[in-house]
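Below you'll find a set of structures to go through.
Look for subunit A in each of the two complexes below; its partner is subunit B in the first and subunit C in the second.
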Partner chain A sequence: MLAVTSVALSARGQAPAPEAASTMARVGPGAYRPLYPPSAAEAEVPVKAFLLDRLPVTNAAFLAFALAHPEWRRDRVPGVFADEGYLSHWASAADLGADVDQEQPVVRVSWFAAKTYCAARGARLPTEAEWELAASASRTRPDGRGDPAWREQILAWYSRPNPPRLPRVGTTPPNYWGVRDLQGVVWEWVLDFNSTMVNTDARRAGDRDRLTFCGGGAINATDKEDYPSFMRVAFRSSLRADYTTNNLGFRCAADDVRGDR
Partner chain B sequence: MTRSALVPLLMAACLLACRDRKPEAVPSPPPAASASSAPREDGSPTPRGDRSIYALSMALTDQNGKKIGLDAYRGDPVFVGMFYGTCPSACPLLISTIKRLMSGLDGGARTRVHVLLVSFDPARDTPDALKGIAARRGLDASWTLASAPEDEARELAALLGIRYRRLPDGNFSHTSSLVLLDPSGVIDARIDDLGEPVEPLAARAEALAKEGAQGLSSPRDR
Partner chain C sequence: MHSRQATLLVALLLATGCSEARKSSPAPATSAAAAEETVKAEPTHAPAVPPPTGRDRPAKVVVDLEVKEVVRELADGVKYTFWTFGGQVPGRFIRVRQGDTVELHLQNHPDNKMPHNIDLHAVTGPGGGAASTFTAPGHQTQFTFRALNSGLYVYHCATAPVGMHVANGMYGLIYVEPTQPLPPVDHEFYVMQGDFYTVGKYREKGLQPFDMQKAIEENATYVVFNGSEGSLIGDNALRAKVGEKIRIFVGNGGPNLISSFHLIGEIFDRVYGEAGTSFSENVQTTVVPPGGAAIVELTVQVPGTYILVDHALFRAFNKGALGMLKVDGPEQKEIYSGREIDSVYLGDKATATGAMQTAAENAAKGALTREDQIAAGRQLFLGTCSPCHQLEGQGVLGAFPPLAKSDFLMADKQRSIGIVLNGKTGPITVNGKELNSVMPPLSQLPDDDIANILTFVRNSWGNTGAAVTRDEVSAVRSSTPRPPGAAR
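Then we have the complex of A and B:
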């Protein structure tokens, strides 16, 4: 019988460390208006003020994590926590190699890995509502979604093929909250990626819905022009927690201990 | 639309479509071919190929107030699902489906197969509340109803491929999957729609129980 070790998603429960103000920005409070409100009551989701990394997590930072928590090295992590592509762009389990820039955002990380990284810092992944609230800010306004020029910029990124080489973090200008790279660099994990349920298949219409979804409501897009949001909804609903892809990274968030003021 | 725009949409479309088929046979693990599963880079024993969900450490509280791990029934086949106690329709149906499944098992399997239902809703699904459900629904000792801290429940849902969301009114919107774990905690079979036939799950549970009884994989037999 195998002695299967239980890898605790290890850093859980550590006391939150006070975050350096310089690495995290305070975002909100505000309201997230989902593109597909699953019910009338969810048309607007209040979001408390929270802290969010100004930049995505880099290769260098994730390497330091993997060295300090070897159960998250790519050659040791249990298969259920990360698929075969996990960190496969690095030269080896403990070395980035010459082709990988330390300051590029880390990609090919699973949700479990991202979540545990943040926990090790005394932080957590942002919720979808938090992430979307932060990402809806333009350079000058907390909600830039009504601004066609800003929307055009974002759309330009979503429609561009992935560059052969990822840019370093911090190459895009800070938004209203002082957060960079929410659009234009990589897709990012959110804590509740598995709360997105897209249910538009005609075969599931009618009574069968009750069998699968408890309290699921009709889906109607609120803003049909908001194509980037649609893309993110589609992307998140396709994810599994062990997935890794070459353009999916993450950043961490934390509660704002100062509270709403 | 360019390629990068299409990829996520296609991924989403595919996964939604795939979920609607009848996956009584679980997708086989991805081929072990890439760099990360190649020869161990430091020569240490690696769990890399281990597909057991018992790798997740959880602090569950069962209907008797007892603390148990996710792997409480390691060594035996287990049906695992997620629910919440105040759920109006899908969760009672999940329980009815499993009851029907369990009562149809052959005698050997009935003594070995366990049911573990984990709640999304630790605040309301206290041990007393869970005990009440077990009594009302006439669930025998092979059933364990348990709750987990919210963060751990989300991790378990992620491992099982269950999607859920807390609604503003306190209910949950969720998919109803029923997963069969083999004695080592590897997902052996599943249904993702309670309208699917359960016979394939029952057949797999009986087969696993039989293997266990022959001492192939149950630590309890040692």
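Then we have the complex of A and C:
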């Protein structure tokens, strides 16, 4: 448990700046092209430079958080903040157990839990625009989305069922920004996960019907061949903030204190 | 907060569908609801169909459908990640009765990676249930609909990218029995066609990923019944007995290709085209569109194996759209005699029959020429070889190798003698194309005949090569073993 203790100390660190050099990468500035632009004028959303964790949050780091903030232990978390699946793969509320690797990305965490974890670190969840900007980079280019081979590689991961055992973090090569595992390991929460497609209740509330299923899903899309984006939009929009799933983790972001000139 | 331009496309499509003339609607939901019994549906895997409901009044029917992402065989040695309703492709067959209140529970297995939902064409309401059942992995949703219209309907996943979810196998059938049920039959079967798009070529082994570009181009790698190439072949064939009446619920999940559904050797007595309420009689081939269905009925009178195909034939013979119906029972010679005559028919080529005689006479005199051999070989080839290799030696694509301009044939004379004598089974590459079929041994032919045949094919249709002598054939015959059952 020594390793856990040391991670716990760093997870409780106050400002992101000192650790940024090692654990966070500077991404951007750039422009994010939403799959469903809100309006013609917003076909590109400018994204300021920001800091993003190079790796997803691990089981070890999240355990340290839960021990330091016991209200987020699975046996104490209020039901409105996390569904029954919350951290249910761990052996107990305070122990990962033998079957869970400390260095695997943490999954079965709710949006509320992820958001609180980042806040405790003095950081925040990345916005959808920030996450997508970072994830659109291939190994060598800031925007690899026009590359069919790159797209095929991402799609291949989305097409496979979950492996029996998740890989450890850091197993995929770093992208252009030096960030790893954005594709090919787990889905990740973003701050505004539910803004791209409204859920069924909200859809009924408005005067405009917004469908991202069936025909409606394709009509307004900017790039009909960008299947990975379709899949991320569909996945995020199937979520509620208390949901947890076997393959949904997160990483944290922070404003770039140096600014983006 | 982003806002999105709206569209009612799905609702419009449904509204159009509902404007067609259909059978009478049941009484309003309020009157019967209190007295309705609740039953649990037991949806079946293909090719099974749940038994008739046997009810003469509506009920509340609870349907559990579990979505699972699974790796299964698409063809022999070819694996694919299927997204399924119930663990197999096609999805489980749901059977309800017109007027039923259907409570559908959609469970998205926790090991799944994707969100999913269900759009049932039997539903009257926007999205067909899709919006109400949009479900994250490890969660479940529920909605209720009234089965207003009878008929056979496709259901499918409608989560973006919809085409990909359907291409991965997310479709099935729901049958809403009419209030006056169709007459009972001896067998009911469930057959659903689908097209698949893999990065690897047809039958390229291993786990094959989905190929988005091929799907967009509608260039299917596989077209199959019931989710895999062997699903209705051999031990998995549909079975019936002579004299029995059969009803097949035929669906097409697509996503792209229209099926020309045909049963070789049978005529459909009745086809409820597009699964509507009226039927046609004496139909040979019926069209089943993606997202559509048909009900076909037939009585099998003659024993034997009947082949289900998409009569767009390259799909049947080169992409997997084949199935079997095996019928057991006594022969019915007055309906179908079997083969009565099997003899060589040479038509206007009969004038050449003297060539074999000439070759034999000249050989006896020790004066056999290459031209004699070619003429005699042509004669023998027409009777013995051309049914498979074809009159111009062109072969049949994917089945019988070409002899014309054949690199494989001309590469090795000894080998070609051995193949004629001993047959050939297994993969070979001819002119860059891989084939995998069976040639029977022809060791019953005398050495002279084999020498003449080979001299002919080695000097026809663009081939040029040395003659093959009787002694060469004899040498190969004595130095190679015959396969079991072949003439010595």
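Just so we're on the same page, the second predicted complex is superposed on the first by the 218 of 261 C-alpha atoms of A that agree within 3 Å, B and C clash if a C-alpha of one lies under 4 Å from a C-alpha of the other, contacts with A are read in each partner's own complex, and residues count from 1 in each chain.
We take it that contacts are C-beta pairs under 8 Å (C-beta built on N, C-alpha and C of every residue); 3 or more make two chains touch, one makes a residue touch a chain.
What you see is a predicted model, and the numbers here were worked out from it, not measured in a lab.
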Which partner does A:S195 reach: the first (subunit B), the second (subunit C), both, or neither?
-> both
Using the touch definition from the top, say if A:P56 reaches subunit B (first), subunit C (second), both or neither.
-> neither
First (subunit B), second (subunit C), both or neither touched by A:V80 = first
Have a look at where A:P105 lands relative to subunit B and subunit C in the superposition and call it first, second, both or neither.
-> neither
State whether A:A241 touches subunit B only (first), subunit C only (second), both chains, or neither.
-> first
Have a look at where A:E152 lands relative to subunit B and subunit C in the superposition and call it first, second, both or neither.
-> second
Partner chain in contact with A:M231 - subunit B first, subunit C second, else both or neither | both
What is the contact status of A:N162 with respect to subunit B (first) and subunit C (second): first, second, both, or neither?
-> both
Should A:G28 be classified as contacting the first partner (subunit B), the second (subunit C), both, or neither?
-> neither
In the superposed arrangement, what residues of subunit A touch both subunit B and subunit C?
-> 38, 83, 85, 158-162, 192, 195-198, 200, 203, 208, 210-217, 231, 234-235, 237-238, 240
Give every residue of subunit A touching subunit C within the complex, in rising order.
-> 34, 36, 38, 83, 85, 148, 151-152, 155-156, 158-162, 187, 192, 195-200, 203, 206, 208-220, 225, 227, 230-231, 233-235, 237-240, 243-247
Which subunit B residues qualify as touching subunit A in the complex?
-> 1-5, 8-9, 11-12, 14-17, 20, 29-37, 40-42, 44, 46-57, 69, 71, 87-91, 93, 151, 154-155, 157-159, 161-165, 167-169, 171-176, 184-185, 192-195, 217, 219, 222
Residues of subunit C defined as touching subunit A within the complex | 1-11, 13, 69-71, 81, 110-115, 117, 119, 126-127, 130-132, 134-139, 158-162, 164, 168, 199, 209-210, 212-213, 216
Going by the contact rule at the top, pick out the subunit A residues touching subunit B in the complex.
-> 1-2, 4-9, 12, 38-39, 41-42, 73-81, 83-88, 92-94, 111-112, 115, 158-162, 191-192, 194-198, 200-201, 203-204, 208, 210-217, 231, 234-235, 237-238, 240-241
